[in-house]
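Next come two complexes built around subunit A: one with subunit B, the other with subunit C.
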Partner chain A sequence: MEETKKITNHGRNAALLSIIPGFGQFYNKQFVKGFIFLILAMSFAFTFYDVLPVGFWGLFTLGEIPRLDHSVFLLIDGIIALIITIMGLGIFALNIYDARNNGKKRDAGLELNSVRQQYHNLIDNGFPYLMITPGFFLLIFVVIFPILFVLLLAFTNYDLYHSPPAKLVDWVGFQNFIDIFKLDIWRTTFFAVLAWTIVWTFGATTLQVALGIFLAILVNQKDLKGKAIIRTMMILPWAVPSFITILIFSGMFNESFGVINKTLLPFLGMEPQPWMTNEVWTRFALIMIQTWLGFPFIFAMTTGVLQSIPEELYEAATVDGATIMQKFFNITLPLVLFATAPILITQYTFNFNNFNVIFLFNGGGPALPSQNAGGTDILISWIYRLTMTSAQYGKAAAVTMILSLIVITVALWQFKRTKSFQEEDMM
Partner chain B sequence: MKKSLLLMMLILLLGVVAACAPDREEGTDTKDGDNGTASEEPKPEKLVIWEDVDKSKDWLPAAIASFEEEYGITVEFQELNMADKIRDQLRLDGPAGNAPDVVTLPHDQIGQVVTEGLIREIEVEDSVLKTYSESSITAQMYDGKLYGLPKATETPVLIYNKALMKEAPKTMDELYAFSKDFTKGENYGFLALWDNFYFAHGALAGMGGYVFNETADGLDRDDLGLNNEGAVEGAAYIQKWYSEGLFPKGIIGESGGAAMDGLFNEGKVAAVMNGPWAFQGMRDAGIDIGVAPMPTLPNGDPVKTFMGVKGWHVTEFSENPYWATKLIEHLSNDENSKARFEAVAEIPANVALVEDPIIADNEGAKAVALQSQDAVPMPNIPEMGEVWGPMASALQTLATGKAQPQAALDEAVKSIQTNIETNHPAK
Partner chain C sequence: MSNKQNKIIRLTLSYIVILAMIFIVVYPLLWVIGSSLNPGQSLSGSKMFPENPTLIHYQFLFDLEKSNYLLWYWNSMKISITTMILSVISVAFTAYAFSRYRFIGRKNGLMTFLILQMIPNFAALIAIFVLANRTGLLDTHIGLILVYVGGQIPMNTWLMKGYLDTIPKELDESAKMDGAGHFRIFFQIVMPLAKPILAVVALFSFIAPLGDFILARILLRSEKNFTLAVGLYELVAKQFGNEFTKFAAGAVLVAIPIALLFLMFQKYFVSGLTAGGTKG
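Up next is the complex of A and B:
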């Protein structure tokens, strides 16, 4: 490596000296930068020297004396301490990296940047980083922090009988996960709920997407009159707040007094159905309602995409003698799916966790014998029930983890397969 | 090599850090539990009360003024939603040091908040205890200790539309006969949400069932009486109303309450079973209502409705439990309870007030007071949280005719027991 005329070890020396932040830069005669690192490190040490140890102590022990130590607050403090430490280590690593890099430059006999050049360098190359920094900080505390909290909570025994301030919370490792799969009532319920959640996600989402695209293509026909009015009408279900729609549907589906059983079905010559008390019918109703709620968005989006498909493609296809179906399957559908795929995937993940419609329509009901979730409870509404009625915070966090894992895996897999994410143009 | 060295140092550092607990003296705060009884207890500058939303006007300022005059302690109050907000806020504000001295809570939360260590035991003289009805004091006891003083009681009663029903029937048999005659099309003689255990308990317990057996030292969580002979008879009685079409299917489930209220307010129902909170809405709908205690069951016993007691409690975080206890005694004495009833129409538990013309001449209040004599306080142990779900499932399957009484109740009791074993470790 070091085959220059005069062998120097500035890189190594500077890196080693940087164990005390700034000294590596001093060694490289970059005094302003060195001072900035030194002051940063000193203020970091000065501000956090007593906070961080206590934070880590809390994170490891979750408190030792009931009533005096509040485990949940200690856990929160501990996570903050962890985040701060990681940031500090990041700056520390940057400091060493910088010293070593500049030392190597000196080894190679290159000129180092002056203060002015460094400043320009920062402005020119670092501008995007500078701009995203505030948002990134916010993100750490608004998004990363709660995720870490749930993640850690899943490994504690936090429930009613281990609730601060009266009691302490303890780390229990994978006990919650083991319980979910070992205890009978949990296991049967978990898999029953998971199965319906998957059916729900695919049923409701696929229907709403299919209906949205179908209607968009229908309304996009060239000779159709009054497109503006039809489109406005189609968007309307989207304009009404969904919780109001759901509550109205809940009234309409009422078995004895709802308009569906009393007027609509008899008018069509059908028997009234047990919409609210038979889980199969409730599930059917829920999927229909979600289709109603979800299709306008897909409709609006697809309409936009359709209008941007060049007419020449169809003309060329006509010349080649393609049928309408062939045109649809080989031109329209691929282009629409290509443009909307990322959003379609988010529709699936959205419905996987669509708490509102399940909870507001029938509260997860109807009740089923011998399981502690209702017939239409999906995982998220079941977790809500767990936390609210049994105060099983630790277990609820564990189920949340499993649930996130499923959603993340599916989303990642789909995103990776989707052509739209490969930054290539299709047309 | 350098990397592994760095890693080792890091781990060592973390180990050291994790070992350093914050400096504090053990056991400083633990002895605060027992109230000082000496009358020369130092007076605090001020006490803080949390009262339910919209429940303080017209009476609390006057009550506070007389307390300030007598003891020279300033009292401040805030309004927070009692159903959940007070408890949730106390969990956060307590450890943070902003907790109030006195809060109001529904009594069925007592077991939970005591387990969490949010409210403390109080000591009052026997003469004070005798001011309140015995059942309302029982409701404030947990594990054989007193945790509060009753503020108001409520229990479901028979509310009837005077235009459709001349006078309240004395027995359920009369009501049944009336209902058989009256129920036609969309008109119903009598409706009750008996798929909801809160209301159904009256029939089950009236026939001889019980939730947890009452023993000398509180409720026995292992002795469930929800599938005994009496409870099964009660369930069969409930099922009769549904299977004979006297109760429509549309009042089953989550949205059943809204459906029932709607029918009653349209003047299509002669009588309903509901709590005193429903009076105002019915009067606002222009119905001339009469209120009476529930008619007696076919076996001659009264309907043993669930009673809810709202109470005043001293928080665990109060630094002046002695004066806080004095304050709740003052707030719930006869004079202030009467003023409170006049202001907010919640029925007090003070024995002396039942005879007072202000309650004796008020039809609604009198009916609730009379019904309270046969009512059972809702169990306030945390295990009660496991009862609602399975019982609602059992009652719902009974109401829809999917299950038979004995089988449904056996199933419910089994899953209640499993849930209790799983979620509530034995003491």
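Up next is the complex of A and C:
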């Protein structure tokens, strides 16, 4: 039997033939599959042959005649053309890969799968793809598409003065980024906003984490009565939707009518403060409010961890003569921090992008004369302001890119270190 | 003896701190309830304990001819519940595929999800606005719901995948031996065991649209379509302080049912996050 085997090149031939989709499969005598590929490719070509070139023309030129060509719509259509092309190329690659694989099987003298077996294979291997398809499609259009759009927008001059349909938008390369770092007003604003974003992220998050852990340990004391009711009370700020409490706080902090200036501060013998018009006081109020909003979450997490620490650990420590402080620093705190570490880090990224509290409390204000962002604007609310108030879309997109870069760097660094990620069998 | 004294001092101090904290936590909430009962309209005249409390603001909100409040409430509920259902379905499918199958693109898919969950999808707010404008989904609820569901997928998929990984694979393998198909294993074996995490994902995706302000604000244009967050903000922002008592009444009507719902399910929240979160 062995000597009859000839050297064949079915793999190469099939791959070459399937440059016309389906023909490689015909060559391998897999007619049903070949037809499916052929029909897919033909319908793809029929549907898109006139749409795709226009899409790419729009993507490259962003339109040529003002009032007739709408640059932003052309950009959108261009991105969609890009996505469709990538999907088409994916199917095309699959077609070549399949023909080549089956050709190689023939080269090796192996029996090819029958239609029935192919069907079963398709069901088995295709099932995970079938399951992720709905989520994946949605993700492409509401998450990945917007990201691509912003990425491209960052390299255009789309703003109030280059606003379709009256005017065209043009590609300007890195001009937006250069402006942000070179032009005085942009540079001052960018670094002021970035500095406050960092202070805000670390200040508010650290305070809420510290308060949450401290209170959880305090309430967890064995001989304390009424734990259940205390814990319910402590969780209330988490239970009430935060947009509501932030708006309530902005009423309470109102300078002339708010209860804080009118009742609370005089009661404590203090002067009323300019909570809404002086940025230092607004920042202080914001950090206090975020602490109020955020500590219950940490409190609940820590309480869960504390209840799972075995009593024997403390008993053994007591036998060894450890003081309360030693027990706290050597048993309680390490265990709590270890168990809640991933959640704590997501708290930092959350506050980095915590638009609601900044915007709803005082709209990012008070306004400052030296910059084109409000005194308490963090990066994300500055982006909102650039987009919705001053129509600086290109610049806003550039800032968004910078923000995303920061977040992604931190995220990757964090997850590289997470145990769970290293344990994950990534094939 | 001194031990006992120590204990008394420690407990007394603890109670003082806890009472102070409870005061800080409860005060704003009681204050807004008090404000909502004031007969006046504005923030300036409202007192925490009004002399002649009244329910007129609640009556006003329930009057469909004068206020859109009930409409906003209905919109919010509709959006939240639809988002919840769609999210649970798509997240369950996606997470199951990532947890149980090894397929080409799995690793990259997981990495992409990981990065995507770090960037809030409203960072691309210009894009979402323009895209909605282009597709005619601006000022519609369906557009908003799609954006919410898409935004929920990455984070919740990781959460749920973490939980599904802890369900032994031997279970589905033995079912496969017995001839169960893919869908049967999914629906009859794995999903019943994943009920706790399904509940967590459902709650998250119900609460998130309720608390969202920015996307709803960008996408919804006409007052009839507003959600509670946008509507209540407009009520306060229009003429600050002048309609504060109405806002307060509206806030109370949102806060109480949500808070109750939340407190009921709070345990699942915590266990779900620590189970999925620390592992996944």
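Methods note: the second predicted complex is superposed on the first by the 347 of 427 C-alpha atoms of A that agree within 3 Å, B and C clash if a C-alpha of one lies under 4 Å from a C-alpha of the other, contacts with A are read in each partner's own complex, and residues count from 1 in each chain.
In the analysis below, contacts are C-beta pairs under 8 Å (C-beta built on N, C-alpha and C of every residue); 3 or more make two chains touch, one makes a residue touch a chain.
Keep in mind that what you see is a predicted model, and the values were worked out from it rather than measured.
Visitor: Looking at A:Ile20 after the superposition, I want to know if it touches subunit B, subunit C, both of them or none. Which is it: first, second, both, neither?
Guide: In the superposed model, A:Ile20 contacts neither subunit B nor subunit C.
Visitor: Considering only touches as defined above, state whether A:Val51 meets subunit B (first), subunit C (second), both or neither.
Guide: A:Val51 contacts neither subunit B nor subunit C.
Visitor: Who does A:Ala339 touch here: subunit B (first), subunit C (second), both, or neither?
Guide: A:Ala339 contacts subunit C only, not subunit B.
Visitor: In the superposed arrangement, which partner chain does A:Asn254 touch: subunit B (first), subunit C (second), both, or neither?
Guide: A:Asn254 sits against subunit B and subunit C alike.
Visitor: Mind working out whether A:Phe73 is in touch with subunit B, subunit C, both or neither, as first, second, both or neither?
Guide: So A:Phe73 meets both subunit B and subunit C here.
Visitor: Quick one: is A:Val219 in contact with subunit B, with subunit C, with both, or with neither? Answer first, second, both or neither.
Guide: Only subunit C; A:Val219 stays clear of subunit B.
Visitor: Using the superposition on chain A described above, determine whether A:Ile86 touches subunit B (first), subunit C (second), both, or neither.
Guide: After superposing on A, A:Ile86 lies clear of both subunit B and subunit C.
Visitor: Does subunit A have more residues touched by subunit B or by subunit C?
Guide: Larger number of subunit A residues touched: C.
Visitor: Does the superposition put A:Asn125 against subunit B (first), subunit C (second), both, or neither?
Guide: The second partner, subunit C, only.
Visitor: If we overlay the two complexes on their shared chain A, which of subunit B and subunit C does A:Trp238 touch? Say first, second, both or neither.
Guide: In the superposed model, A:Trp238 contacts subunit C only, not subunit B.
Visitor: Identify the residues of subunit A that lie in both the subunit B contact region and the subunit C contact region.
Guide: 73, 250-251, 254, 256-258
Visitor: Which part of subunit B faces subunit A closely enough to touch in the complex?
Guide: Touching subunit A from subunit B are residues 14, 17-22, 24, 26-30, 94-95, 112, 115-118, 186, 248-255, 258-259, 262-263, 316, 382, 385-386, 388-390, 392-394, 396-397, 400, 403, 408, 411, 414-415, 418-419, 422-425.
Visitor: Name, in rising order, each residue of subunit A that touches subunit B in their complex.
Guide: Residues in contact with subunit B: 52-54, 56-57, 59-61, 64-68, 70, 73, 159-161, 163-167, 183-186, 250-251, 254-258, 274, 276-278, 362-363, 365-370, 372, 385, 389-392.
Visitor: Give every residue of subunit A touching subunit C within the complex, in rising order.
Guide: My answer: residues 72-73, 76, 123-125, 127-129, 131-132, 134-136, 138-139, 141-147, 149-150, 153, 215, 218-219, 221, 223-224, 230, 232-245, 247-252, 254, 256-259, 292, 300-301, 303-305, 339-340, 342-343, 349, 353, 355-356, 359-360, 380, 383-384, 387-388, 393, 396-397, 400, 403-404, 407-408, 410-412, 415, 420, 424, 426-427.
Visitor: Mind listing the subunit C positions that touch subunit A in their complex?
Guide: On the subunit C side, the touching residues are 7, 10-11, 14-15, 17-18, 21-22, 24-26, 28-29, 31-32, 35, 42-44, 48, 89-91, 93-94, 96-98, 100-103, 106-107, 109-110, 114-116, 118-131, 134, 146-147, 149-151, 153-154, 157, 162, 182, 207, 210-211, 213-214, 218, 229, 232-233, 236, 240-241, 244, 247-248, 251, 254-255, 258-259, 262-263, 266, 269-271, 273-274, 277-280.
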